[in-house]
Amino acid sequence: MNAVLEILKRFWPDLLAGAGVTLELTLVGLIGGFVLGLALALGRVFGPAWLQKLSNAYVSVFRGTPLLVQLFIIYYGLPSLGLVMDQRMAAYLALGLNSAAYQAEYLRGSLQAIGDTQMMAGRAVGLSKWQTIRFVVLPQALRLVLPSWSNEPIALLKTTAVVFLIAVQDLMAQAKRAATTTYDPISSYIAAALIYLAMVLMLALIFGYLEKKARIPGMEMEKQAY
Amino acid sequence: MNAANFLQYIASGTAYTLGVTLIALPLGLLIGLVLALVYVYGGKAGSRSMQAYSIVLRGIPPIVLLFILYFVVSGAINLSPFTAGALALGIVSSAYQMEIIRGAILSVDAGQMMAARAVGLSRLEAIRSVVLPQAFRHAIAPWSNEVAIVIKDSSLVYALGVPEVLRRAQLIGASNQNYLLAYGAAATIYFILVWLANKSLVGLEKRLAIPGSH
Amino acid sequence: MDEAILKIRQLRKHYGENLIFHDIDLDVAEGETIVIIGPSGTGKSTLLRCINLLTHADGGEIWLDGQRINAPGVDEDLVRQQIGMVFQNFLLFNHLTALENVKLGLTKVKKMKDAQATQKALSELQRVGLADRAHHYPGQLSGGQQQRVGIARALAMDPRIMLFDEPTSALDPELIGEVLGVMRQLAEEGMTMLCVTHEMGFAREVADKIVFMEKGSIVEQGSPEDLMYRPEHPRTREFLWKITELYGQQQEGAAADSFEAEPAWKPNEDEV
């Protein structure tokens, strides 16, 4: 695997820059996805019937279609509706909307696990529905969801790898450039693979640590592999 | 070009999409099953090596693995992008299916194995007649999730030029300058495929449920 | 005296630092019913699992019908065909009907033809009174019924000896009787049995010999009359007294054919 090391040595600034873009895409997608996903989950668990249906439909659509197709619709399709944006923006949007659907599912699970009983307790003390959600349900639900939710940053990081197909300059784009320059696609993409693996392991360590700190003794939810 | 031809052109890519899926899934299942048995019953060497396999293949984005495997395979044998892509996705899926099957095996109560051995069954026979049939039922739900993932990941072979749904949508969207409709149609096709897969597997789960179990 | 079917000599087992049991010497003659009693956690269950080689003992010998079965190179699956085991948690194969549960060993291990296996399995189910539940799944049976199927499953292999590991401990009180009834019937039919149980009534009425184990070793053994009414060891006495305190009230309404003699071993005031 000398060829791989050669590529890493030769292209490391570009690969690093690409990795940086990948991480940035992941972060934006994760945060955007969290905000929207939480809204969707709250709507699904505590909202009126129409909101529940809407939330379900959203999750169905975004989990039932490939990210690549969603990305293409946003970047190539929306302009015909007057919504033009650059590649980076399209990537942020697609990743955020996509991740929101998955995060909504995780959050829905933990909100449902906590929801009913704690809502009863909160209302009984005189808190309003919204207050109960804010001060009683959410703090517990967010800590409970961490083990299964921590699948999402890693899944999202891997998902970002397709955005190079609309010319976003992420790690894959840099690897492709190295491949065309050196005529050695195998080593180039293996180099990229190693960097992705390193990033994934790093995320796994970080979230493993956070999980431990956030654990409420006596309350654990099974970690879903998906 | 009228709407019917437009949609038909895209829909004909479904054959390729299904083709990739129907090669990748069984391949992933076969490899995943064997490796899961190695993982669970193969002692320390087995579990350590399988853990490594799992970490590497699940820690790298599918498209990266797709490219690597595609170039490796087509360097060695002359395969079409369709076949190479399908095989590559099968290998990627095998790591996830291995984890699913492993989880399902572990969820079968250890007492079942003990009872089987107590009756005189050999380890192999006990795995075959007692553990796996029960593990199978526990695996259906997570496996249906994997089916959906493979259907969606089949869109990645777009990057290899395979004329599946997404590639066709792109081609016809370009020639008609109507990307929204084209990709929208593509999305709808994927959505239907995923929905059908889920429905049939939920039905299967119900039919195979053991009477009296919860 | 019949030649012992099962001979255990100086059996010993530990898990890491903990000694589970040691210096176990035991003989079981053909047709005998032996009951092992003692506080929980004294290694009684582990002992049973060592006998049918589900667990490996760390020292000592186990002889079945004159052959050493815990030697290296022994075909353990073959040995387990000759020893039947009934588990506290029944451990029926959840995905199979009662009939299929009993048949599995016959078809896969003894390689019987299907029709023959079905016939044999049905007759064993009949023996435990469950022929009419043959096509029910474990999830559709009560605990007592599941355990009886478990007994039939073990019996179907025509074992030389049956091991019972606290067979009624996981049952609701009203279901215990049906299982003990089957066990009693087996004993009367001449089955060689080794039972770990807390059911003192059963021990007193059915056992040929009772073995008291505590802290991993055999403290005392003897006939029910000797052990329960004239125990020699103070620890035996202490244990039996505690048990009757727990079970004493239940004995009040016992069946007419079991005698209720006042135990002679109540501890003296100055001993307690």
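Note that the chains are named A, B and C in the order they appear, and that numbering of residues resets to 1 at the start of each chain.
To be clear about the criterion, a contact is a pair of C-beta atoms (placed from the backbone, for glycine too) under 8 Å apart; a residue touches a chain by one contact, two chains touch by 3 or more.
The structure presented is a predicted model; accordingly, all values stated were derived computationally and were not measured.
Student: Work through the pairs of chains, note which ones touch, and then classify the graph as line, ring, star, complete or other.
Tutor: Graph shape here is a line: each chain touches the next, no loop.
Student: Measuring from the mean of all protein Cα atoms shown, which chain centre lies nearest?
Tutor: B
Student: Would you identify the chain whose Cα-based centre sits farthest away from the centre of chain C?
Tutor: It is A.
Student: How far is the middle of chain A from the middle of chain C, if each middle is the mean of its Cα atoms, in Å?
Tutor: The answer is 56 Å.
Student: I'd like the Å distance between the centres of chain B and chain C, where a centre is the mean of that chain's Cα atoms.
Tutor: 47
Student: Which whole number of Å gives the spacing of the CA centres of chain A and chain B?
Tutor: Spacing between the chain centres: roughly 21 Å.
Student: What are the residues of chain A that contact at least two other chains?
Tutor: Correct list: empty.
Student: Given the complex with chain A, which residues does chain B contribute to the contact?
Tutor: 55-56, 59-65, 67-68, 71-72, 75, 99-100, 103, 142, 145-146, 148, 152-153, 155-156, 158-159, 166, 169-170, 173, 178-180, 182-184, 186-187, 190-191, 194-195
Student: Taking the touch rule as given, give the residues of chain A at its contact with chain B in the complex, in rising order.
Tutor: Its residues touching chain B are 60-61, 63-70, 72-73, 76-81, 154, 157-162, 165, 172, 175, 185-186, 189-190, 192-193, 196-197, 200-201, 225-226.
Student: Hey, which residues of chain C end up touching chain B in the complex?
Tutor: Against chain B, chain C makes touches at 52, 54, 77-78, 80-81, 83-85, 87, 89, 91-95, 104-105, 108-109, 136-141, 153-154, 157.
Student: Along chain B, where are the residues that touch chain C in the complex?
Tutor: Going by the criterion above, the answer is residues 109, 111-112, 114-122, 125, 129-130, 133-134, 137, 210-214.
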